[in-house]
Amino acid sequence: MITRFEHQRATTVEQALAAVASGAVPYVGGTELLAAMKLGLTAPERLVDLKQVGELRGVRSDDDSITIGAATPHAEVAASLIVRERLPMLANVTSVIGNPRVRWQGTVGGNLCFAEPRSDLIPALIALRARLRLRSQEGGRGVDMESFVSAPFTVDRRDDELLVDVVIPTGDLLFQQYHRLQIMERPTVGVALVGAATGWRLCVGAAGYIPSWHDAPTPGGFDADAVADAIEPMEDAAGAADYKRDLVRTLVSRALSGARKVDS
Amino acid sequence: MTSPYQSRRVQFTLNGRSVASVVPLPTMLVELLRDHLGHSGTKVSCDTQVCGACTVLVDGHPVSACTYLAIDVDDASVQSVEGLAAPDGSLSPLQQAFIDEFALQCGFCTPGFLMMATALLQENASPTRREIVEYFEGNICRCSGYRPIVQAVLSAAGHGAEGGHGE
Amino acid sequence: MSRIVGKPVARVDARAKVTGAAVYTVDVVRPGMVHAAIVRSERAHAFIRSIDTTEAAGSPDVIGVFTAEHLRHLDPYYGHIIRDHPVLAVDKVRFMGEPIAIVVASTRLTARAAAATVTVEYEDLEPVIGIDDAVRDGAPLVHESRYRRGTGVAWETVPDDHLGTNVAHEAHLEWGDVEAALGAADLTVRTTGTYPMLYAYAMEPYAAVAEYRGGQLHVVSSTQHPFMVRAELARIFQVPHSQVQVEAPYVGGGYGSKSWTKVEPLAAVAAHLTGRAVRIGLTVEEAMLTTRADSARVIVSTGLTSDGAIMARDFQVDFNTGAYADSSPSILDKAVHRCFGPYRIPNLRIHARLLYTNTVPASSYRGFGAPQGNLAGEYNLDHAAHKLGIDPGQLRRRNLAAKGDELLPKRRPLDADVAADLDLLLTSLQRDPPQVDAPYRYGIGFGCSASDAGAFPTSTAMVRIGPDGSVLVSSGAVEIGQGSATVLSQIVAEELGLPMDAVAIAQSSTIATPFERTTNGSRTTTLVGLAVLRAAQAALADLRRMAAEVWSCGIDLVVASDGALCGPDGRAAGYGDVVTSWFGIDGGEAIGIGIVRPEGETKAMPPFWEIGVAGVGLLVDGETGQVRVERLATVGDVGFAINPAAMEGQDLGAATQGLGAALAEQLEYDGGQLTNPNLVDYRVPRSTDMPSIIDTILAQRQDGVGPYGAKGGGEGSLNPIGGAVMSAIARATGVWPDDVELPMTPERVWRLMRGSPDGR
Amino acid sequence: MTSGSFERQFETLRTAEECWAVLTDVDRMAGWVGIVGQVITRTPLVAYGASLEDRMGPFRLRADLDIRVTEREVPARIRFRASGQDRQVGSRLTVDAGMQLVPNAGRTIVRFDGTYSVEGRVATLGGPMIRHKADAILDQFLSRAEEELR
């Protein structure tokens, strides 16, 4: 049951910032927010629609990084030539989220800020060492992707802030692969493995309450058993804790053997 | 007594014609089409964005009209199943292929599949069988086992019975 | 030589369905129509202490709020076998989600908002959820009082009186001496098969629009059984059938789940109490709280000789049927007939119980009691073959009943060649086995089933040939997607020598079409087909009589040819000309009635045996337990496929639902609450789950009683899938458990491979 | 329905009387657990009311709890039943819990046990999440209790 709410549509970032400063909840596609509102799980009194804020949408790049506007639909990221060329793992991840409708309605920023624990995008961006830029009427700040999500559905964003974009460093990438397994509607386990000249990062998403990530100088520095033991598996319709832990072990092993093949 | 909800006017293009309606804010796009504008071809089933029965195109892209605020299509262009056939009643190649391939039984999912297939062929005029299957991940047909639907899209895309190139 | 039957003629409903023009109950709008929302129980088992509707009654737009108190002047119970189901809960709720009150308002939004304000005080009772809860000593009683028989007691199912227990119905079948035979067997294999609680998921959720027209109750409903719903409504309101009209427009999927009465009484009492046209349109979540399929535990022991001959089978069948009986007593009886398979079994004993629990009431679903028992029964034979070192196809061939054998005493002998069907299946299934590498493993599985199908042979139909020679068929059978509109039209076009576009069909309206008992049991093509065939022949005979009078010749001299009549001396006239000449004006019609009843070829029951012969080849990921079905084969032993494309569509659809049950679908209860009443957490097969190799084989031996030798199909291909998948997984993994349970989720397969019990 | 049970204990140097005084001071205890707002004492050691509010990102659950003491023996043990519902979310919470104070060689063993259940919409969406949350709340409560009785 949706209760009463007020609604406004922003066309500029300034309008959007003013709206969130006055307590409005931002949304673009509404794939998560409207679904939760329909179930009565959340009842915001004010909404602000960001679909028309052009500044928040699109993929930009320079030599060392790719920047994705928070209001960019997943499908647009997946179709971006520059993303497909330099961040094939991200192109892959954004082309398997939900279904084609969710990928046109849903956006990168919405996915990150909603922080459903069973997300493909969050572990991928942690492994890619993405940095998020937020703004409020007071000013802006940056947050590393790995410290953005603190608990299920809980992120480091104040109600008066907007996530503006995601900056992904691409300068020294050597390797990027995402292994996933999905049993129900959302991913069951996602393992992102990214190698860069400065080091390797492995992130496990979806299996635990929050993503868990590990750094190592080479892929040989990761241990699948240790990674699996480190997660606190979330039991749900897809499986109990022991099963999920074993899935993590299997997928991490597969990811590492993929890296070894490339390495050798 | 009056409705407890605020209402707002929404004006948009529906299947090429300009339309307007005044709706309570919580109205979903599918309710606007079905209940306010009498376009009942678009169906509601799962109501959770997984079955695709409510698929319509907004500005050319497929959305779940069950979870899309009606007021958000203000100024937009919406295409529903009623807009697929030509004004003279002649069917689109996809519609004809669905008939020829027996790609429907109860028909409740059919409008959603047709709209998804329309979106797919706009994105990719010559999809492979695998691409079609994957594009339909979010559309449920409980009657057919999907085979004839996939075949219909292949056939409308010009692959005929050969089944497209590659898996 | 047929012109129209036996060919993949385009569906007559296709154009309406691809343009969005097809009208379903959810699309029906009536002048002044208002909307009902249902207040549902938040408890699984409780006495209702009070219901406070004050706030709802004063809410914006609200026209009325009604509880069981408002129905006291009616006879507000339904249930066609056991009349145990109150329209609105009376004094007590028996499952979480049971309707307690109806709120009628001018919009759906405001009706739902008002319904959310109704508060109910409960006095909790201990809930009964599982089979073991229901049968233990001292179990709380779901029903305390005796109920009356329903209006549609099935011909072979008579409700028992089990006052003081949770057993709603029992059934028993026995011949030979099972104990002695099991004692003498070389090998006895025991299997416990647990079949999940399933939701049919017809994509159109239950909906009904009710109103009074000139004092007559008129209900439009998404139902498979308009005439049976009429009977139940007439009894609730205590009026003659003629005062109640029920019609079903296009139905958005049925699969059995829209059999008998569901939401129609709620809409009807709301219309009765408000005097308005009232629509009830459930959400899928509410539909999942309306009905489901019976879950089951089936224990089977089979005794065999060392060379694989079955000596005896002993079955214990327990069905969890939820809070109300609905069609489940009949389903239980059928499960008894269908669990042991199309085999010669010298000694057989089956005991079955139907158990009330505080869960969503179970009712019909595709297969009607067959899939539940087939899982245990067929896996058990594969397990036996494995233990004996015999090829599973060989073991079956050795025991399969032959055409003409009696599967059930005093019933129609087997009218199919199941061994030939099995050969067709295995040839397809064993073709080109894939090469697989670790961690993947491949296995095939298959099974057989025989169902005493066709429900009851009661069917009437009418064919009218109009003044322009075009034809209107009237049948009470419902178009639920199975293609009845097309197949019935094909039969009439064939019989009258007319093209398809000269034939139109009107269906499923108690006021506009003649009586049809039900649209279930795979009966429509065979029995309704026979009725329309006879009606077409009768209409043609009527037309010939007219021509004979016009031409003043003997009727024997008038013959039909290519859509026209020819008489002596080279006389010929189109059908329309004969009609108008006879009536003497540009009007009139020739009318034919077709009737099917238990007489002649449809006297022996069942009207036909519906055979299921199907199998899969699947890959198991040895590390994650994920299963990918690579190939699927079905044999539709349908006698004659009047529309082969539609028939193959039915077989693939049925098998696909079987795959859902085998691998993913399951309604889950935690305490008294259904925890996955949505399509996100109740996962049905998607396009990506489908095998890449699908072979829908049709076996057409024209051995049925239906038109041109047709027999029913459309359910059979579901029945063996569960056991086939289980056996394929056992072959792939090399692990053969004694206890099997569907769905085989990746987690269950993983536990099977590791011998690891559930870690929860 | 999502349900769970718990059983925890710790030992303190305080006497049972001292523990009792702290562990029946509802206003003080309310501050230990983030999700409990104001507590109203209707009849001391018999009936209380409390407001509960929990948030997980955008999801919010609010319920007025009715708390009734079902057994008590000063200063040894107390049991209560708390129940309430969030009508907006369509969910109901019930907690049956008890505390036992067992003197043990100059120390006191403080034992808590109980069951909780969440029924309705919330339970259809996140059983594991609820259990996870309940564990966290219990941990929070017990660590504060242990701290205060150190």
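Labels for the chains are A, B, C and D, by order of writing; each one numbers its residues from 1.
Keep in mind that, in the parts below, a contact is a pair of C-beta atoms (placed from the backbone, for glycine too) under 8 Å apart; a residue touches a chain by one contact, two chains touch by 3 or more.
These figures come from a predicted structure and were not determined experimentally.
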Which of C-D and B-C has more C-beta pairs touching across its chains: B-C
Computed distance of Cα centres, subunit D from subunit C, in Å: 49
Geometric centre distance via CA averages, subunit C-subunit B, whole Å: 29
Between subunit B and subunit D, centroid-to-centroid distance (C-alpha), Å: 50
Rounded Å distance between subunit A and subunit C, as computed from the means of their C-alpha atoms: 44
Per-residue multi-chain contacts in subunit C, two or more chains: 113, 116, 676, 678, 680-681
For subunit A, residues contacting two or more additional chains: 1, 185, 235
Multi-chain contact residues (two or more partners), subunit B: 4-5, 26, 47-48, 50, 137-139
Chain-level touch network, classified as line, ring, star, complete or other: other
Which pairs of chains touch, using the document's own definition: A-B, A-C, A-D, B-C, C-D
Residue ranges of subunit B in contact with subunit A within the complex: 4-6, 8, 25-26, 28, 47-50, 52, 55, 61-64, 67-69, 71-72, 74, 116, 119-120, 135, 137-139
Complex interface listing, subunit D residues touching subunit A: 56-60, 88-90, 121-122, 125, 127-129, 131-132
Subunit B-touching residues of subunit C, taken from the complex the two chains share: 8, 10-11, 13-24, 26-27, 59-62, 107-110, 113, 200-205, 250-255, 283-285, 480-483, 645-646, 649-650, 652-653, 655-657, 678-680, 684-688, 690, 692, 694
In the complex with subunit D, residue positions of subunit C that touch it: 42, 96, 116-117, 670-678, 681
Touching residues on subunit A, where the partner in the complex is subunit C: 1, 181, 183-185, 235, 237-243, 246-247, 250
